[in-house]
Amino acid sequence: MGDMGRVSVGIVGASGYGGVQLVRLLQDHPEVELVYLGGESSAGKTFADLYPHLAHQVDLAIEPVEPETIAARCQVVFLSLPNGLACQITPTLIEKGLMVLDLSADYRFFDLETYKNWYGIDRSDRQIAATAVYGLPELYRDRIADSQLIGCPGCYPTASLLALAPLLKQGLIVPETAIIDAKSGTSGGGRQAKTGLLLAEADNSLAAYGVARHRHIPEIEQICSDLAGHEVMVQFTPHLIPMVRGILATVYATLRDPGLVRDDLITIFRAFYRNCPWVTICASGVYPQTKWTCGSNLCYIGIEVDQRTGRVIVMSAIDNLIKGQAGQAIQCLNIMMGWEETLGLPRLAFYP
Amino acid sequence: MGDMGRVSVGIVGASGYGGVQLVRLLQDHPEVELVYLGGESSAGKTFADLYPHLAHQVDLAIEPVEPETIAARCQVVFLSLPNGLACQITPTLIEKGLMVLDLSADYRFFDLETYKNWYGIDRSDRQIAATAVYGLPELYRDRIADSQLIGCPGCYPTASLLALAPLLKQGLIVPETAIIDAKSGTSGGGRQAKTGLLLAEADNSLAAYGVARHRHIPEIEQICSDLAGHEVMVQFTPHLIPMVRGILATVYATLRDPGLVRDDLITIFRAFYRNCPWVTICASGVYPQTKWTCGSNLCYIGIEVDQRTGRVIVMSAIDNLIKGQAGQAIQCLNIMMGWEETLGLPRLAFYP
Amino acid sequence: MGDMGRVSVGIVGASGYGGVQLVRLLQDHPEVELVYLGGESSAGKTFADLYPHLAHQVDLAIEPVEPETIAARCQVVFLSLPNGLACQITPTLIEKGLMVLDLSADYRFFDLETYKNWYGIDRSDRQIAATAVYGLPELYRDRIADSQLIGCPGCYPTASLLALAPLLKQGLIVPETAIIDAKSGTSGGGRQAKTGLLLAEADNSLAAYGVARHRHIPEIEQICSDLAGHEVMVQFTPHLIPMVRGILATVYATLRDPGLVRDDLITIFRAFYRNCPWVTICASGVYPQTKWTCGSNLCYIGIEVDQRTGRVIVMSAIDNLIKGQAGQAIQCLNIMMGWEETLGLPRLAFYP
Amino acid sequence: MGDMGRVSVGIVGASGYGGVQLVRLLQDHPEVELVYLGGESSAGKTFADLYPHLAHQVDLAIEPVEPETIAARCQVVFLSLPNGLACQITPTLIEKGLMVLDLSADYRFFDLETYKNWYGIDRSDRQIAATAVYGLPELYRDRIADSQLIGCPGCYPTASLLALAPLLKQGLIVPETAIIDAKSGTSGGGRQAKTGLLLAEADNSLAAYGVARHRHIPEIEQICSDLAGHEVMVQFTPHLIPMVRGILATVYATLRDPGLVRDDLITIFRAFYRNCPWVTICASGVYPQTKWTCGSNLCYIGIEVDQRTGRVIVMSAIDNLIKGQAGQAIQCLNIMMGWEETLGLPRLAFYP
């Protein structure tokens, strides 16, 4: 257990960008102590072998992933693994009493059939999976507070759902008209070497990918359906942008009431997110830039209404590695532990 | 007049990115000779003062803009000026018998009322304006061939209309469902120093702008209406992308016939653009990257159908300064002169 | 005065990148309260007008620059103004008992003749200027602790001097062989709109500037001379790099003792910077990347010896806006106030 | 053999960036016909599988590398292979009468001992290797004209040697004071996926690599020695820059005659390169930007003298994939064939 009464925390899968952000943010968190880093391919290396610039800041080694060891050393564990691995060790960790925050897709789905259809993996941990809560605090704060197992949202779903939630929850739009055109920096593709993510290929270029079949679609639709109270289908198109960090989701939907104007919706969104310290609704006529979020856990939302076409356009910007991944997981931990939701999380963007 | 029987060409407004691209492309065009560069604020400077790297390649000076002088020296003139200036000198140039290709918005509109509503400029050259042809060769080739005055399309309209044209012309979509989510490199904002276009501001960032009010909206709608045969209203949202060149337009629309599949549409698009050497329809499952177009006059179009939602998604990529501006103007000139449509224009992208 | 016993701090010239970094870092500093922002051209605006993303974080307005007002409200003031302005208000501020940390060149020089020769400004505040201390804590920590007026170093001199100091102080190199080839991101050029700093111009390009005449030359030579104990002249060439933040100085010099090897120098550098929490000497064979520093106040130094040529090559990386500007000024303040030198300053880079 | 009397050309190793540039440039060359593409790992694929955007422009497949086949189909072959492979097939190709232009290091060295020391490969083709000419036309034009086998220079040596040649040839500098601080875009690292070349890692970062041990050092020193007429040792440090294309070499050296001023050197350089259509000496006070070269075969050289330190600073900018690789090889071919040295090569940069 951690010294000075701090909570002992471990990270499994610390070598990727999600991992290094968790390490960075948890180092500065006043109530936790990072005591364990685990990994498969990188086991035996020090964390500084992977990230030399952290040699003088983090002196942990990467250890093999053994649930028993983790359980003996940690009260809380973050899992940052490829899909299909978290579900293999989580049952043991939960049984041993740990709090588990999983950053993969394994515990995001209410229904494991959907998971199987989109991820191609059959699962036997149905009972445990049924106890998982979707870790988007702005929508499921109370359930997160009472949970031991969190399925942290994907980066695209975070940006998309924060843009859509007030509209769907209050029945302001025709759900089947919702189109999400999302744009992400390349760090969302992880640290593994792929030709398409090389600077020489990705810089000064731009393209869509996974059109009509990206795995974040069922995740977004699941939560949209929960918000609307009935099955909702959305159009979602991700794009790769020549930048390191940041997601912008541009969301289009037809308003049910063509009389609503921009300022009405700003008022509605502000009320909806009144108790949400990490969501900021832009002033009238202001649209968010992803750079405003880089390095912080904030989501900026800008709203426009096109009265000619009767559509609302919502733009939602986050740092994909913070609010879209590591920061949001820590936000969930804060809620689970009963701490301030903002504890230890960066509020001010790195700008420029 | 040019030597060796070449056509004498001038450029008014040569100092901007449109101008420097015209200079570059026209230098390599086998049938023209560049004999005149004009500008207001830069008059008296040499072109090399503005672009030192062209000092040894282009030895023209920037001259004051006097229609009489231009008419005495040029057979063809490209106007690359801020909106509202071309219409002041074009009547004289046309009267003197010159061919005029205007890159501003001045001669793009069938109806000067629309121009006035969106650009705030009242015009007295209605008679001349009525003779202008919209310079998108893939749609108006025959009329361009017979015209003396071309209103060259904007960069966003070029990418957007090439994506929408076959769908609208053949009644395949419900027009009012069309949403264009467009993304552009910052060279589209020109060479004038603006804080928002500084590398320190625009790099590693991403934002929408001009939502529901960008001036390319009426231009796109005018041509969509012409294609559909009735008034069409579209949703258009431009975004600033941290790269120098390239536009990607991601276009969404609901298909009238939900039975159409991707390959049907690819066949339809290929037939529609059969005689268009500058439009390439991607193979099934391939989506275009803007880098594929950089430095060439090509437009790449990728097509996807989402059978769950009944929508077609068309992705259209161009180099905003070539097919979106200078290259397209030269393509129009080639048609006006009866030359090969591909003459003197770059076919192979600069990649990577 | 600040509440809760915090020190009241003001910033004059808050609108630029130095200013916004100071605002960001001071907001998170546990012992200070930011109570005043001043500016000339931006007076009357709120800080959020300049940086909309800080609207919900910083609610100060920009006030006119009146030394009397500043003195009445602040105990400490940071001046982030163009050269030649700080020296106009500093005498009053010092007289009123404030601690002044100036980020311009005004108080960097031991000899105002040098300042006049390179900056073309004649000065009348010689008596005050003589009390200023050069704010590079790694070299002048004790004098900073006793001073009321700090002339904070330029970004290039910070990176260059930290690379050269152990070599010069210990007479390890032939001083006149020192060549500094420095590379900086474009944020070093400030937030003012200049054509050469546009993304479309500066991205995917690279060039030297100010060769043999950059104003940081006399600043570097002054401190090098102080370290060596005799007049030293260096070669310094800055380059503009297509990135937002970061400086790398690659320093070449001929070793007096050709028998010295890399590990000797690493040992010497580590000893020299033993008590310097913000300087990290890389392990043998490791060269620093500027990305390792982005967002932190750290300077990473890598060392190589070329035994074929007898030269040492030292590579020094900093975040130009933090250790090269705002962070270093706060580091000086910490020392002046007797606080921990690391207090309130970011330690972990933003990476990636 | 090619139709219309064109020369039949093949490329072995067409899948990398050198290959794709050769393909692009040779397609537009009026005197050659590209008839063969060869590769090992990519054999059996079409070129369009590797570069989908060229599907409609290049319809060649990648064939296995069999010297007999190549010899039967081609008159000229470019080899763009990893080091140590060209030397295995070149003897057969030469024997069959082909002209061979090798882009690897295999045929760059006068002395195969040097090659062995730096590349760790023992060679048995000494006789053939002795007939190879170093393919830097500005220095070895006459020998290239008479050769059947060209060892094309590396990208860094091209930029470095063009900066140093007039100085060394005319004894203007103290050779051992020469320091080359070189900066390259990431395309120089090739198209293979490596973590360090990912956009997320390399963008917004900057670092030196291979300090005092990069394999281009012996290549540069060999030619410098040839120019000086005696053994010359240089300092060479490459840096990775967050951009796709371009190299800038900043070269420092002490002048023998301290009375020489900038304009003297400009005159000397202009005279030295008088008959070199691909080298441009910048006007007094102008320093080259790599963007000026992107897409062209030009090398821009800027010159400064620091009269305080007695050093000359020469800045040399090229497009690493054109003048630094594919373009220069074609320039050599033009000379070998007795064509204009500029034939088929791009002259105007892509700018911006």
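Residue numbering begins at 1 within each chain, and the chains themselves are lettered A, B, C and D in the order written.
Simple rule for what comes next: contacts are C-beta pairs under 8 Å (C-beta built on N, C-alpha and C of every residue); 3 or more make two chains touch, one makes a residue touch a chain.
Just so it is clear, the structure is predicted and the values come from calculations on it, not from any experiment.
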| item | value |
| --- | --- |
| Which of C-D and A-C has more C-beta contact pairs | C-D |
| Equivalent interface to B-C, taken from B-D, A-B or A-D so that over half of the residue contact pairs match | A-D |
| From chain C, the most remote chain by mean C-alpha position | B |
| Gap in Å, rounded to a whole number, between the CA centres of chain C and chain A | 36 |
| CA centroid of chain C to CA centroid of chain D, Å | 39 |
| Numbers and ranges of chain A residues touching at least 2 other chains | 17, 185, 187, 191, 200-201, 203-204, 242-245, 288-289, 291, 294, 352 |
| Partner chain B, residues of chain D touching it in the complex | 17, 20, 24, 27-28, 51-57, 187, 191, 203-204, 244-245, 280, 282-283, 286, 288-289, 291-295, 300, 347-352 |
| In the complex with chain D, residue positions of chain C that touch it | 176, 179, 181, 183, 185, 200-201, 203-209, 211-212, 233-235, 237, 239, 241-246, 248, 250, 252, 287-291, 294, 302, 304-309, 311, 313, 315, 317, 352 |
| Interfacial residue positions of chain C with respect to chain B in the complex | 17, 185-187, 189, 191-195, 197-204, 242-244 |
